[in-house]
Structures are given as C-alpha cells and as structure tokens.
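Two complexes come next, and they have one chain in common, subunit A, joined by subunit B in the first and subunit C in the second.
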Partner chain A sequence: MAGGETVGIVGETGCGKSTLGKAILSILPPRTRVTGHLLFRRTDLNTLDREALRRLQGEEIALIFQDPMTRLNPLMTIEQHFLETIRAHQKVSKREALERTMAALTSMRVPESRIRNYPHEFSGGMRQRIMIALALVLTPSLLVADEPTTSLDVIVEAQILEILQDLKRNYRMSLLLITHNLGIVAEVCDKVAVLYAGKVVEQGSVTDIFARPVHPYTRLLLQSIIHLDTKELRSIDGQPPDLLFPPSGCRFHPRCPYAKPVCHEKVPPLEQFRSGQSAACLFGKDFV
Partner chain B sequence: MPRRGSLVAYGVTRLVMAFPMLLILLTVVFVVLRIIPGDPIYALYGGRAKPSVVMAQRHKLGLDQPLYLQFANYIAQVFTGNFGTSLGPIFGGQNVMDVIMQRLPATVELAVGSMLVATIIGISVGILSGINRDRIVDVVGRLYGTIIFVIPIFWLGLMLQFVFAVDLKWFPVNSRFDVSIPPPATITGLYTIDSLLKGRLDAFAVAVRHLFLPCLTLGLVLSGFFTKTVRANLLRTAGADYVEAARARGIRRRAIVMRYAFKNALIPVITVLGLEFAILFAGAVLTETTFNWNGMGLLLVNSIEVQDYPLIQGTIIVYSFIIVIISLMVDFLNGLIDPRVRY
Partner chain C sequence: MLDVGNLRVYYPVKVPLIQRFFQSEKPFVHAVDGVSFTLKAGEIFGLVGESGCGKTTIGRAVLRLAEATSGTIKFEGVDITRLPESKVRPLRQRMQIIFQDPHASLNPAMSIGQAIGHPLKIHGLAWLEADVRKEVLGVMREVGLTPEEQLYDKFPRDLSGGQKQRAAIARAIILKPQLIVADEPVSMLDMSIRARVLQLMLDLKEKYHLTYLFITHDLATAKFICDRIAIMYLGRIVETGPAKDIYESPKHPYTRALLQAIPIPDPLKRAPKILPKGEVPDAIHPPMGCRFHPRCLAVLPTCGWEARDFLDYLEERRSNPEKGREDELIIGSPDVWKANGLEAGRPCEPENIAIITEYVRSVMREAPAPMAQALDDIKVKEGRIIVVFRLPATLSPKKVESRLVECLLY
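Let's turn to the complex of A and B:
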C-alpha cells in the first residue's frame, strides 16, 4: 500500500477478513501461530518486541472494529478513553490531550458536551463515530477499518464513508477497508484484494477488477451484486469451506463451475495477468 | 435534585428502598418465631409452674394479646431499640439490647477479619489462576478453590487449633483475649480498634493473635468460592471485545489487566462478596462454637438452647439489620464502579 491509498479487502463471511485486520494490528489471541511477513515501513511487525509493537498500535496503525457496541469499556467515560489512549503514546499535558480529544470528537460531529458520558449513554451510530474519533486522535498513517458500517443504517453509513474520504484527503492517511459490500469498494477504494478461504485470489485496481475480473470467484461475486434492474438473485452455490480442513489444490475448486481435475491437486500461485492485476487461478489466461 | 444517574441520587434511592426490605425481613422473623414449636413460658419453668404464674408471665410479655397487637408492639420495639428483657437462666432480667451490644463487637471483629482473609486470598488466587489460564498455577488454584470450598468449618477450625495452637503454640487455642493482661478500655468494644485508640500496641498484638485462627478458618473456607468467581469473571472480561480494542490502541498491558479486565470482573464479584458476607454471619455461629468465641453466634446458639425468646428475637433482628446494611453497601459499591446500575 502506498501512502494515502485506499485498498479494499472483500470476501464472504468467514474467509479471514477480520483475522487479517487483527493480524495487522498484532492483536490475534495469545498463542496464535503466525507465519509469513507483515511489512510496515520495511519492518516486519512479527519481529518487533512487545513494547515496540505497542508503540505502533494506535499511534501509527489504528483499527476500527465492526461492532461499536461492545468495543468501549463500559466503566470508563469517553474522556477517559481518549486521555488514556493519547497518554499511552505521547507525553502531553492533560490540557493538550483534552483539546485534541475535543477536536477529534468535533470532527466526528459528536457534541463536546457529552465527553463525560459513559458508552451506554450513546446510540450505535454515535458509538461508531466515537470509535473512529478514538482511532484517529493520534493521526495514524494506516487505518484499518473492519466493516465500519455493517452494524449501522444506510444514512449513518453514508455519513461515515464521507468522513473517511475527507480524512484520507486531509491527512494523507492510508486506509485498508475490510468489507463484504462491493458497492462501497467501488465507491471508495483505489485497489482491491479478493479473499477466499483465507487466501488472496485476485488483486488489482478497482477499475480493472470490476470491469475485467480474472478469477472465477471474483466474476461470480460481481455477478451476485444486486442492481436496480436485477430480476433474479444470483448466488454462488455451496458454502465457504472449513478453514481447519481447507480443500486440496485450489481452495475454490469445489464451488468453481470451471474446475478441472488438475484444480484438485495443484495450488495455483498468484500470477500477474495484466499490469497491476494478478489472480490465483491455473486457467487465469483463459478468462483474461 | 441530583442529576439522574449520579451517585448521590442512586444512593438515596437505594436507602429508601431498603426500608420495605427491612420490614419484610422483620415480618418473616416475627412469623417464624411464632410458628416454630415450643413455648417460652413452658421452657422457663419446665412445666412445673402454677397456671396463675404462667398467666401472669404471659401477660407481662404481651403473649396474651392478639397477634396484630403483638406485631405492632414488636415493630415499635424494633424502632425504639428496646427488645425487652431476657428470660433465660444466664442473662435473666438483663436488657436484651445490652446483652447483644456486649457480644456484637466480637462477631463484627471476627466477620471483618474473615472477610479480609477471604478477599485477599480469594482475589489473589483468582487473578493468578485467571492470568495463567491452564498452566500449572491455574490448575493448583482451581484445585485449591474446590477443596477449600467443601471443607467443613468446624473440622478446619479443629485442625488449625490442633496444629498451630496445641502443637506449635503459636496462637492461643480460643477466647478473645489473654486473662493475664487487662483488655483495653471499651470505646467501640472492638479490642483491635480500642487498643489502637488507646495507643496500646501490646494489647493490639494480643487481640490480633487471638483473632488469627478463627479468622483464618472462616476466611479460608469462604475464599474457595471467591477464587472461582474471580477466575471465571476475569477470563470472561479478558476475552471481551473492549479488551481487544484497548490492545489495538496500544494501551499498556498492566492498565488493560487492571482498568479493563479486573474492574469489569469485579462487578459480579462484589455481589458475591455481599452474599458471602451474609453467609459468613451464619458461618460465624459454627466458628464461634469451635473457638468458643464470645460473639452473637454463640449467644444465639445458647439462647435457642434455653428458648430465651426475647433474646433469640433480638439477636435475629440485629442479624437482619446487618444483612440489610451489607446489601446496601454492595449496591452502593456496585454503583460506584458501574455507571450502568445507577439508573
């Protein structure tokens, strides 16, 4: 990801989108085995010690969760959440921390007067705006937003997306948007990666992928979008596989209408098919 | 008028709501004492008194009046603090309230001491267990919680007396104070507090030495349930969404454990603590009997044995008041920690 860029991560429920988000923040449950590399500014996050990681969390990389209702400590006021977060990273006076809190909340249109309220005194939309303000108060360079609007109604959703767009422009912040809503991706993102059963099956620019998808899964996913003139709902047959026992070869082969015997055995590598667009399909060139 | 959801408004509401609760409790005590078999006058004279004497005694105690008048008298007695005079052979003729007030400090000292032991051991073992889930520390902690919970109080008391008092002679076997030195002058009746108020450290040490074994017995038995409650709740809150969110914001681990996991885990623990405190007063009856501790528990047992009705009634009423006060304190503490219950 480049600075100021927005990348979308899409996929069905249970394909590992949220896990990816938590992995980037290094907040997977304790004793989780992590393989591979997670590079942030050329440093592998997996090699950092706990304190170095803690300094990055929240200040450089921030995360917005999908369920704002349960993400705030019910025993702390909004003010306490902000002061604690700011002071966990920077040595600033209480006064300055408060000023920043006010600024962050105002930008999210949360009234300053409610700073001493507790989480249970806010609505869902309000809490999500507080969560976003909390994630942005230290102006991180990378924001991971894990389905930030899923639990909200469409009006609040539109407001929040607009706010995220503004922030990107104002702070040159990179945004990793995790969603299953392809409409949002088309509207907000520069690039997109399609996830299936824990693996990236296709990635590229939004225009390329929406106009000329290569991987059969991406094609089927795009076909299942509902338009105004949709007469019949189209879905992808079958269920996403159990990730504890993933299928052999290409993980999509049991549901793929084009699957051939070789797909059962050979794991397809992520190959580039056009400039900036790659897919993991053995027969990708047939679909180009 | 204090703001809705403020601590003061919440406290006042709880206080007002304690009155109906107290009234119900007092009614239950009244009814139960009158439906259980036995007759105080019969018990007093062993059935050998002349009918005229029995009648006179009944009249004196108001037992010949209709029940509703007896109840009105009883409520009046409770709120004026005058529970009548004892009928029993030990305290016969003495004011019931005076007798109880002499014994109450001993029980309060025992209860508070035991609660201290139970909370310190219970909460620390619970936290150690919780943060070392499924490691050896946790296995030992869980085993401790189960075993200690099922041990009978009197058996543990006798064993501790046997080892630490009879064998090792580290602590006295029973009683509240040494006979060889004078106890501190009575201010509150609590030997520990009185000796500190008078600046007598020697007397304080003696009082604590006497308190140690009974408090350890009762405290250990109660700590088992605590350990389990703290552990279970800590595991629940440590996996909570807000803890994960706090980690993502780079909050220090120590702060997360204390401000997020532990503080949230404390809410149900405080409720359990209140219930345990009530159980503790019941447990004190056994502990006081085992250690010959001259408190309310022993007083109640003795007055039941001789069917000293005014004294039984008075003791139970004082117990009821204590329970109401404890539950008020629990409500207040919960309100202090958790803003959501203040409404």
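Let's turn to the complex of A and C:
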C-alpha cells in the first residue's frame, strides 16, 4: 500500500479479511500463530515489542470497527474517550487535548455541545462518526476500517463513505477498507485484494479487477452481485470451505467450474497477468 | 389475497415508575402509522425501507404475530384483525413466514427433519412418524437440501447459512400455504449464495402459486424479485407502484435519495451523490406533516415545519464557530428553548425582549428558505418569546403516473 492510497480487502464470511485487519493492529487473540512479515514503513510490526507497538497504534495506525457501540465504553462520555486517547499517547495539557477533541468532532459534523454525552445518546451514524473522529484525533497515516458501514442504513452508509473519502483527500491518509460489499469497493477504493478461504486470489487496481477479472472466483463473485441492473441471478456452486481442513491445491477448486486435476494438487502462486494485476490461478492466462 | 387498510401498530415504551408520575402522556413507538396496501394472488409485493421504518412490524401484524392498534387486515376477504387465537391457528396453515436469521429461527435442539416436519404435527396433518418423514424428505428435495436422507437427522449447527435458510423455507412451504411473508430472507447470506436462495423462492412461487410479501432493505434485490414495491419511511408508505417504474423514475424525494445512496459495483460509474442530511428520527415522536421533511432535499414551506426543526437549526448553527458564538452571546444556548408542537419558546427578561426578538428574526431570515417561509409569527407572551410556525398542509397519497405517492410536490 502506498501513502494516500485506499485499498479494499474484499471477501465473503470467513475468508480471513477481519483477521488480516486485526493482524495489522496486532490485536489477534493470545497464542495465535503469526508468521511472515508486516512491514509498516520498513518496520516489521511482528518484531516490535509491546511498548513500541502501543505507541504506533493510534498515532500511526488506527482502526475503526463495524459496530461502534461495542467499541465505545458505555460508562465514559465522548470527552473522556478523547482525553484518554490523546493523553495516552502525547503529553499535552487538558486544554489542548480538549481543543483537538473539538476540532476532530467538528470535522466529523458532531456538534461540540454533545461532548459530555454518553455513547448510547447518539444515533448509529453519529456514533460511527465519533469513532472515526477518535481514530483520527492523533492524525494517523494509516486507517484500517473493518466493515465501517455494515450496521448502518444505506443513506447513512453513503454519508460515512463520503466522509472517509474527504479525509483521504484532505489528509493524504491511507485507508485499508475491509468489506464484503463490492459496491463500496467500486465506489471508494483505488486498489483491491480479493480474499478466498484465507488467501489472496487476485489483486490489482479497482478498474482492472471490475472490468477484467482474471481469477474465476473474482469473476463469479462479481457476477453474483445483485445490483440495480441485474437481469439474471447467478451464484457460485458449493460452500466456502472449512478452514480447519482447507482443500488441497487451489482452495477454490471444489467450487471452480474450470478446475482441472492439477488444481487439486498444486497451490497456485500469485502471478502477474497484466501490469499491476495479479491472480493466483494456474490457468490464469486462459482468462486474461 | 391480502388487504391492509390504515394499519397502525404502536408499541408502548417502558417508562420507569418515577417518571410516570410526571408524564401525563404515555409514550408509544409509532412503528406502523396508517399503512394501506393490497396484495394480489400470485404477486411478489416488496416492503422496502431502512431499519426502523416498520416493514418487519407489518409482516408480523399480517400474521397476527404483532397486535394491530387499529386498522384492518383482510386475508382472502376475511377480516382477521381481531380474530381470536383459536381461529388464527388454522389460518396459519395458509400463511407462513421466513425469518431473516436462519441461525436464530431454527431450534438448535431439533433436528432439521423434526423442524421441517413440526408444522405438520402442530396442525394435525400427519401423526405417523413415517408419514411425516416421507413428506419432509419430499420438501427437502424440493428446496435442494440434499442428500436429504443424511441431512434429515443433522442439527442446525451442522448446516451452512444457506442450507439453514433452505430448511426455513422448507418449513414454511410444507403446509402448502398461499401467502408467505419473507422477512429479509437473504440478507444474512453471502453474496455468492444469495442468488441461489432467491432463485429457489422464485421457482417455488411458480410451482405452488405462492404470493410473497417480501420485506427487505436491499433495493437491488427488491427490484429484481418484486412485481410491485412499497417504499416505507418511519411507519408510513411514501410511494407504491410497479417495481420497474419506481426504479426508472422515482417520484418521492425519499425514494430518490435511497436509490442514489446504493453503492454501484462499477468503478467507472462513480459520481458525486447528493444525500439527505441526518438520520431517521425516532418513532416515538415522529416529525409533523411529512415525516421526511427535516431531511428532504425538495422540501416546501408547507411540509410540516415545527418547533423541533427550529431547535435543530439552532443546534446546527452551533457547529459553525462564528454564528454559534454570536447566537450563544445574544440568545443563549439552544437548551433554553422549549419545543411544543408548532411553537418554540424561551423565557426572557423584559428589558431584553426587543433585542432578542429582533435577533431571532434575523436568525430565521438566515434559515433555509422553506423553513423561513413556514414562519408564522414571533410573538411575546407572558414573558416568553415564542416562535410560531404555520400549520402544515394535509398530506394524502396521490396518484402520480402508475404510482401512489405521498408528497406535496404532486
């Protein structure tokens, strides 16, 4: 991910997209086995100690979740949330912290007058805006948003997406957007990675992937979206696999209409098929 | 087949005892507030709206799972609104429901076979285990729950989301009902299997001549599957008509807003959106006049401006640092104002009345034109400054082309 870019991580339930987000924030459950590397500006997050990580989280990398109600403390006012966050990371006076709180809230169109209210006193959309303000108050350079609009209605969802895009433009912040909604990816993201059963099956620019998908899963998934111009219902046969026992070879082979015997055995590498677009399919060149 | 007339469903709000002493009025959630529509046999009728618009409550009221506060529900010509429970039971053979969450609607302690066959036993249509089993296996094949012999003894936890929803559909059709209320039947399912479940519902409809009341928040799904659609907002239907026409040229500003807000899965079709501000207000005290008026982009002076809108407007000015500070200095925080229907008032010391009245006047002049034009008077009464709005125009559904629209634009 380059600075200022918006990258979408898209996939269905259980594909590992939220786990990926949590891994970036190092908030996976204890004893989770993590290998490989997670480079953030040349620093491997997997090798950092707790204190260095804590400093980085919030200040450089922030996270917003699907359901803000479960992430805001019901016993704390909005003001307390902000003061705690700011002062946990920076030595500033209460007055300065308050000023920054006000600025952050105003930029999210949350009235300053409601700073002493509790989370339950806000509507769902307002809570998500508070959550975003809280994530941005330390001006991180990367924002990870895990299904930020999934619990919201379609109009409020569009409002929040607009806010996120404004932020991106104004602060040159990078945004990693985790979602199951391909429509949102198409409207907001520059690049996208499609996940299936714990693996990236295809990645590239949003325009390429939507116009000319290479991986059969991406293609079938795009065809199965029901949108306003849908003329015919299409779906993908079978079920996503059980990740306790993932299928051998290409994990999509049991559902892939083009699977050949070799797909059962060989794990396809992520290969570039067009400039900036790669896919993990042994027969990718047939679909280019 | 189904005729719903002026249906109202109000839920009482739980109020702590102490508060009850001070409140003269009992608060109600106006979940459904005067809704009428008819369903023809063999039709798929969509109730579409955001959460809290009352669509689910209507579905439940139709099946008598929620009590109607007033209005009528006629099923095949018979008024069932006040039918005693003993007479409702046999009726449910002919009307069934599919719930949104298949994980919650199947009893975890019942095997799939038992769950699907349960309605047969409840309605006394089959007693012998062998008869039930035969019937259930047939329905399971019908809905694609195969291999049916193996799945019969499985429990809900052994099934995927799509399979569970198939089981819920099987349970709904085993009695061969005429009407099925489908409450968000595919929203919990992943995109790649959604279409298959919808296709199944369409196939079953053809085969058994079913009629669906299809409840959804997803306009794209509604467009694809429904013949006619009613768009709901905060307990009211704002627009009804053939699905195709509503999508081609939406008439109500709320329908337009909804359609515009849907993300389009094509990065080449990105376009700026003009969205209504704010969120759906609470249904305990719905807005006066047209309920969408505080957020509407095409609002008129007669749409229902009231005291609460004035207070919201003052609050909004507060987020503008300059105006907010000036307002605070001269007329104090919005909290000193009390809203009462069309009148917003605040106490005022006699010596300040002239200044404050003049300032309020200028604040109203700066308000968005429709609201400013709805102002009737700013008066002084018993030491209070009162901002009075004009009565809204009466709103009733009007025929606009192929649709019924409840909007003063027409």
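Details
Assume the second predicted complex is superposed on the first by the 288 of 288 C-alpha atoms of A that agree within 3 Å, B and C clash if a C-alpha of one lies under 4 Å from a C-alpha of the other, contacts with A are read in each partner's own complex, and residues count from 1 in each chain.
Here, a residue touches a chain if its C-beta (ideal position, glycine included) is under 8 Å from a C-beta of that chain, and two chains touch if they have at least 3 such contacts.
These numbers were taken from a predicted model, which means no experiment stands behind them.
When both complexes are overlaid on subunit A, subunit B and subunit C end up sitting side by side without clashing.
In the overlay built on the shared chain, the residue A:Asp153 is in contact with subunit C alone; subunit B does not reach it.
In the superposition on chain A, A:Leu221 makes contact with subunit C only, while subunit B stays out of contact range. Contacts of A:Thr43 after superposition on the shared chain: neither subunit B nor subunit C is touched.
By the document's definition of touching, of the two partners only subunit C reaches A:Ile236; subunit B does not. Judged by the touch definition given at the top, the superposed model places A:Thr32 against neither subunit B nor subunit C. Which of subunit B and subunit C touches more residues of subunit A: that partner is C. In the superposed model, A:Glu12 makes contact with subunit C only, not with subunit B. In the superposed model, A:Asn170 makes contact with neither subunit B nor subunit C. In the superposed model, subunit B and subunit C sit 70 degrees apart as seen from the Cα centre of subunit A, a figure rounded to the nearest 10. In the superposition on chain A, A:Phe210 makes contact with subunit C only, while subunit B stays out of contact range.
For the overlaid pair of complexes, the smallest distance between C-alpha atoms of subunit B and those of subunit C rounds to 7 Å.
Counting contacts by the rule stated earlier, no residue of subunit A appears in both its interface with subunit B and its interface with subunit C.
Interface of subunit C with subunit A (complex): residues 50-51, 160-162, 190-196, 198-199, 202, 217-221, 223-224, 247, 257-270, 273, 275-277, 279-280, 315-316, 318-319, 321, 333-334.
Chain contact summary for the complex, subunit B toward subunit A: residues 240-242, 244-253, 255, 259-260, 263-264, 337-340. Interface residues of subunit A facing subunit C in the complex, by the touch rule stated above, are 12-13, 106, 109, 111-113, 123-126, 153-159, 161-162, 180-187, 206-207, 210-211, 220-222, 224-228, 230, 233-236, 239-240. By the touch criterion given at the top, residues 22, 25, 27, 50, 54-59, 62-63, 65, 67, 70-76, 84-85, 88-89, 118, 120, 131, 134-135 of subunit A touch subunit B in their complex.
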